[in-house]
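Remarks on the structure that follows.
Read from first to last, the chains carry the letters A, B, C and D; within each, the first residue is number 1.
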């Protein structure tokens, strides 16, 4: 069937033009006098492009074909090729889906009429970001890659500082910009050394480089720093929480749902070059991955800012994906194809899943902030009554992100677990199995984090006046969320379909693998999983029926919650977000540092006082910021060289002359 | 003739030391003037007579010997309350350094290949020594006036070297010399006078307000 | 044709001197600048043969510098119409005349193939710029002028004696004594190495001072800080390139003498030192014009390193002449607008420029992004070429220092620029008469568009020009 | 087929009996006669006929809580083998599903508790969340050990495999495992020393406090679900601790029922002789359990 359709038209061309359309979608708005139409226009264009782009990339994915376009450009860096292979096609899917959904969400969330000053720029850079990501996946010329990469990074920056009147947004922006620029510097090294190896700036073909060559290690390191900083792998994550927390929500959705994946794509792509990666690489990836997962979710548990919590959980999910990739690399190095398959399948599928439920949650948080006007979870509560639909969709997202059946998050983690357990029969690397309990711990913490999030936002009774009168989100905001929720449920109930989606990408990553047979085997296992899912739903339905029947037969009354005898209960004595996680935080105290401001109570009748505890960015606040201060101080000392004394300036010249003379002879 | 030229060059070197050693602005200005006059005479001694040469000589003597000193002197008299040099480095160390540099420049010149007909001149060492003396003044004297003087000495050093090339590429040398004179006179003079107008006195004008704090 | 290039601006200078109306002068200035650009393009497309005697000749190197200088000058001239309108309080006769004289001298530098003549022209540009730096007529500006003048004159004097050494080496070598570039390159093999080495050192220091390589750069922050925006643009985008051209000439001779290694190493070391200096001085810089000055130090450092690396990096260096010149134009002109509008160049007072001056603020931000080597702007092309060739040549250390200082500089600049343009305008900041107008915003915008264009697409003729030029600087096999 | 039916029948009917046995044991220790063995059944039936009071602050989550809790436990019951008989549903990796089903149930019970907006129920769910996520790794270490011993990736495979022979070989590892799993069993089912189901001081409760606001049929469902959870986890534990099997299928069923009752008695004994721990100590005990399990894993892997 695909072949027939391909006869009809060239999917690669469709995908490419879709990307270009998305990029140009925001431009008309810049020139229109009225604010509204530009936004509508760009949204419509983006959605149409996505509608064309998704099927096109699916075809490319399943047809296992590789299409190449050569772009004419006047720069002296060799030919500029655009190539779409299954790996790129796979990563293209979330780009189209999320960007389209986000732009639809923006119509309700950031209406042009209310944000005359910022809407144009926002729409424009949003399109630029989306299309640059799509084109990035096709770029095969290193220099072109960097250019697109930087366009992506910068447009993300401009989206992030949309509300730059706020100090906190500016800080987040600067941190982000510095981090991403440092990453780009690493990419300079990366592509230069690749060029030194291959003699051209074209990205090497799969398996064309040897990992034993002296530069390979440096190349890998540079890639890890450059791409890992973008992906937010620990310890390169410092920019991530504040950036994702302070961007407009639909932008956070794209940044977290797609942009992080671009960093991962870079790492995937890099690993394909080498035909014999040493064990060390896989080990490093695995360790960094599991560390990010654990610490990321631990930080998430401690957060009190809604979007920060989501951002930290992004670090966790990226960590899980990286773990999967690392395990797969270990499989490659130890020639254990089952491990490769399961690791890659888990990683890729989790990439897909994360780009469904994370945007769902971020969009949901947008709706929440829209309704309650704050990001502080301790001030929310009871929103579920005002906005039941959002609450339902958000519940789907939360369950999915905890990796709980019957939703999609579970499927990818399930594959990883299988991979770990399979090691018990392997000849080497048997200790990988110890990742299973760690991953289980991550899952447990995720449940803590998201019950905290969900309950303190939607459940109970409102803790502040702001949250008292929420309003349901509009259709344009609900539709994208519902769309993602549906996808989560779909993959959760029919995982074997999703597995067919990732197999081509895997085989393009590791051609030696006889992927058909293996995928068939695991397809059947996942089939049993979906059976269990169905059973679960039926069981739930049965219990519900039983209960309804009993409810019908007996009296139903309603009364205020029982205060255990305490009659004067107020909304403030509910368990809030902070108090809920307090116990868990105290257990993991070593990892999560809380800055606790306690007032000093003195005298017999101390006045009113507040106590607050704020989770701290350990790495940023304890290590990096001090380093910057140190550098500033030492530089200030060095700046005395420019002291305005003419004769000393003359001495500089004389000294230079003298030294050069001595050197010359 | 040659011997006379060499003796004059020795005189130039002596003047360098005077400049390094003297503590009075006016005196050092005069000294530079004398040095200029001597340099004006030098071409006449080593080149055959020509009207062109006469012209050059007159111009140089006029400018180096009279115009510049006049400008500087006016600046000093009008704007300088304290007419001491106020060196950044004491006189004795400066003189010692001067001596050392002169020695260095002689050895340096010795190591460079020369035309046989220039072998027994001391043009090269003298020019380099003067150059270094100029640098020494520039680096050890605080005041604007002193630095102009240092610059002039520097130029004189270059001029001496130019004499070696005079017959090979006369236009070049003259252009260089004249342009330097232009800078020396007008621009420096003008700026000095501007400074003295801007800051009522050159003592207050140590010119150190532009810096990184 | 060559004569026209030189004479026309001089005529212009004379005319502007005679014009009695302040309003009229800048317009005439831009008229002559336009004519000059026309001649430049004419010359570049149909290059006449070298003049008899070979004193004047426009080779590829000269073309590149001439092109960038002429474009930059034209934009600054147009800008001056709008800018000087805000400086009505004082006569603009000196500045207009000075600019045109400088233009004439600059063109002479690019076409002169006789080192002595080139030197004379260079010295002329130095002198003609002095009164422009003193435009503001206050204590600070006189100090800046004084330092600029004395240090640059000393530098140029050193260059002169360097030339003398070179000439003397020809005499000693018993070849026909001359400072014609072609003769020198021809006879380079025979010259006596002692003198040649001394000459190279003196020329490097001399032209390096004019160019502002650290630690010879000390005049730069003062001069750039006190001069008006457009003068700063010309200093950092024009004069720097002229001095660099002079250095390129020396490099050519050096290449011919087969003793290039020392010179190259010296260039790399001084270049890296300049970049490190810039990195140190740019962090927490409270005066954004001085910050731009240090950025200029950084970029001459980049050019020097590229020249020292040789090979593919030469292309980067030559392209950087254009990229840096034009981008500096954007930065200085827009910063001039911001300075006018806030009447302060202290970053503590200048806040929220994007709110008060959307265009100038945006241009300044874009210029910052461009100058720090982010695509899709021209400096990225050159800087990436240089870094990559450093690594491809296997000179890891050089590449590493280069990249690290680039990153530190980016951080320093970001911490200065972003707070300036973002956020709210402080309520206590004084309101001035300045408003963005087409005349003050158009020129930098035009430059930015050029920078962007060159960043994504280098036209074929320019490409050939650049490759010809780099062929002149390649080691002959 | 018959085995499947028996399996489902037992899972549906037997769980409350365990509670009854535990109660009887404690009564015996206290020197009382105690409630009849079938008391839990009576309670559940009575509750099913009672009316319901819904708190005004609650939303649909509150109602979903009990349903999901029961549904997940029921599916888990289908995954675990009873005695020598493999479970009706078993496939590679079902143990992971088994572990995560409880997480799902927990998610909803905790949310339901927090939905009431009562500070006590919030307290309870906070504790539940922390302790259960600490218990998580222990279970996985146990699974690893069993999978290593049996070479199978499904619960039936790895549990049915355990028999005296295996005990002979790897007694040390299995002993450690039994210790760890027993702690987890008590913790997950909120028995003493972790939680006291019969206390009346809300401040000290974990599980019981989370269901304060549930009433009538909902409470019945919750009690039944709790019993079922005890049964399911107990079945897992019984496989480790009492791995007897005769060839005869029906004898094996009997054997399984007996050993479950034995387990109930043991729990009863523990509850009678021990006091509830201070909340601060609970994490330490759980971590200790994890360490035991980890050691057993190391023993079998090396």
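Keep in mind that, in the parts below, a contact is a pair of C-beta atoms (placed from the backbone, for glycine too) under 8 Å apart; a residue touches a chain by one contact, two chains touch by 3 or more.
All of these numbers come straight from a predicted model, not from anything done at the bench.
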*What's the overlap between the neighbours of chain A and those of chain C?*
B
*Count how many hops through touching chains it takes, at the least, to reach chain D starting from chain C.*
2
*Ranking chain pairs by contacts, what comes out on top?*
A-D
*So which chain is the furthest away from chain B, centre to centre on CA atoms?*
D
*Roughly how many whole angstrom separate the Cα centroids of chain A and chain B?*
70
_Averaging over Cα atoms per chain, report the distance between chain B and chain C in Å._
31
_Cα-centroid distance, chain A relative to chain D, in whole angstrom_ = 36
*Distance-wise, how many Å sit between the C-alpha centres of chain B and chain D, to the nearest whole number?*
101
*Which chain D residues reach two or more other chains?*
none
*Which parts of chain C, given as residue numbers and ranges, touch two or more other chains?*
147, 150, 154, 198, 221-222, 281
*Of all the residues in chain B, which ones touch at least 2 other chains?*
111, 138, 147, 207, 209-210, 212
*Using the touch rule from the top of the page, what pairs of chains touch, sorted by label?*
A-B, A-C, A-D, B-C
*Within the complex, which stretch of chain C touches chain A?*
147, 150-151, 154-155, 158, 197-198, 200-202, 204-205, 208-209, 215-216, 218-219, 221-222, 262, 266, 280-281, 283-284, 315, 354, 369, 372, 374-376, 380-381, 384-385, 387-388, 390-392, 394, 399, 403-404, 406-408, 410-411, 414-415, 418-419, 422-424, 456-460, 463
_Residues on chain D engaged by chain A in the complex (per definition of touch)_ = 48-61, 63, 66-68, 70-72, 74-75, 78-79, 89, 91-94, 96-97, 99-101, 103-104, 106-107, 110-111, 114-123, 125-127, 129-130, 132-134, 136-137, 139-141, 143-144, 147-148, 151, 153, 202, 212-213, 216-218, 220-221, 283, 290, 294, 297, 301
*In the complex with chain B, residue positions of chain A that touch it*: 639-640, 642-648, 650-651, 654, 665
*Going by the contact rule at the top, pick out the chain A residues touching chain D in the complex.*
381-382, 384-385, 388, 391, 395, 398-399, 402-405, 410, 413-414, 417-418, 421-422, 424-425, 430-431, 433-434, 436-438, 440-441, 443-445, 447-448, 450-452, 454-456, 458-461, 525, 528-529, 531-532, 535-536, 539-540, 542-544, 546-547, 550-551, 553-564, 569, 571, 573-575, 579-584, 587
*asked:* Under the stated contact criterion, what part of chain A meets chain C in this complex?
replied: 73-76, 143, 146-147, 150-151, 154, 161, 164-165, 167, 170, 173-174, 177-178, 181-182, 184-185, 188-189, 191-193, 195-196, 201, 631-632, 635-636, 638-639, 641-642, 644, 646, 649-650, 652-653, 655-657, 660-661, 663-665
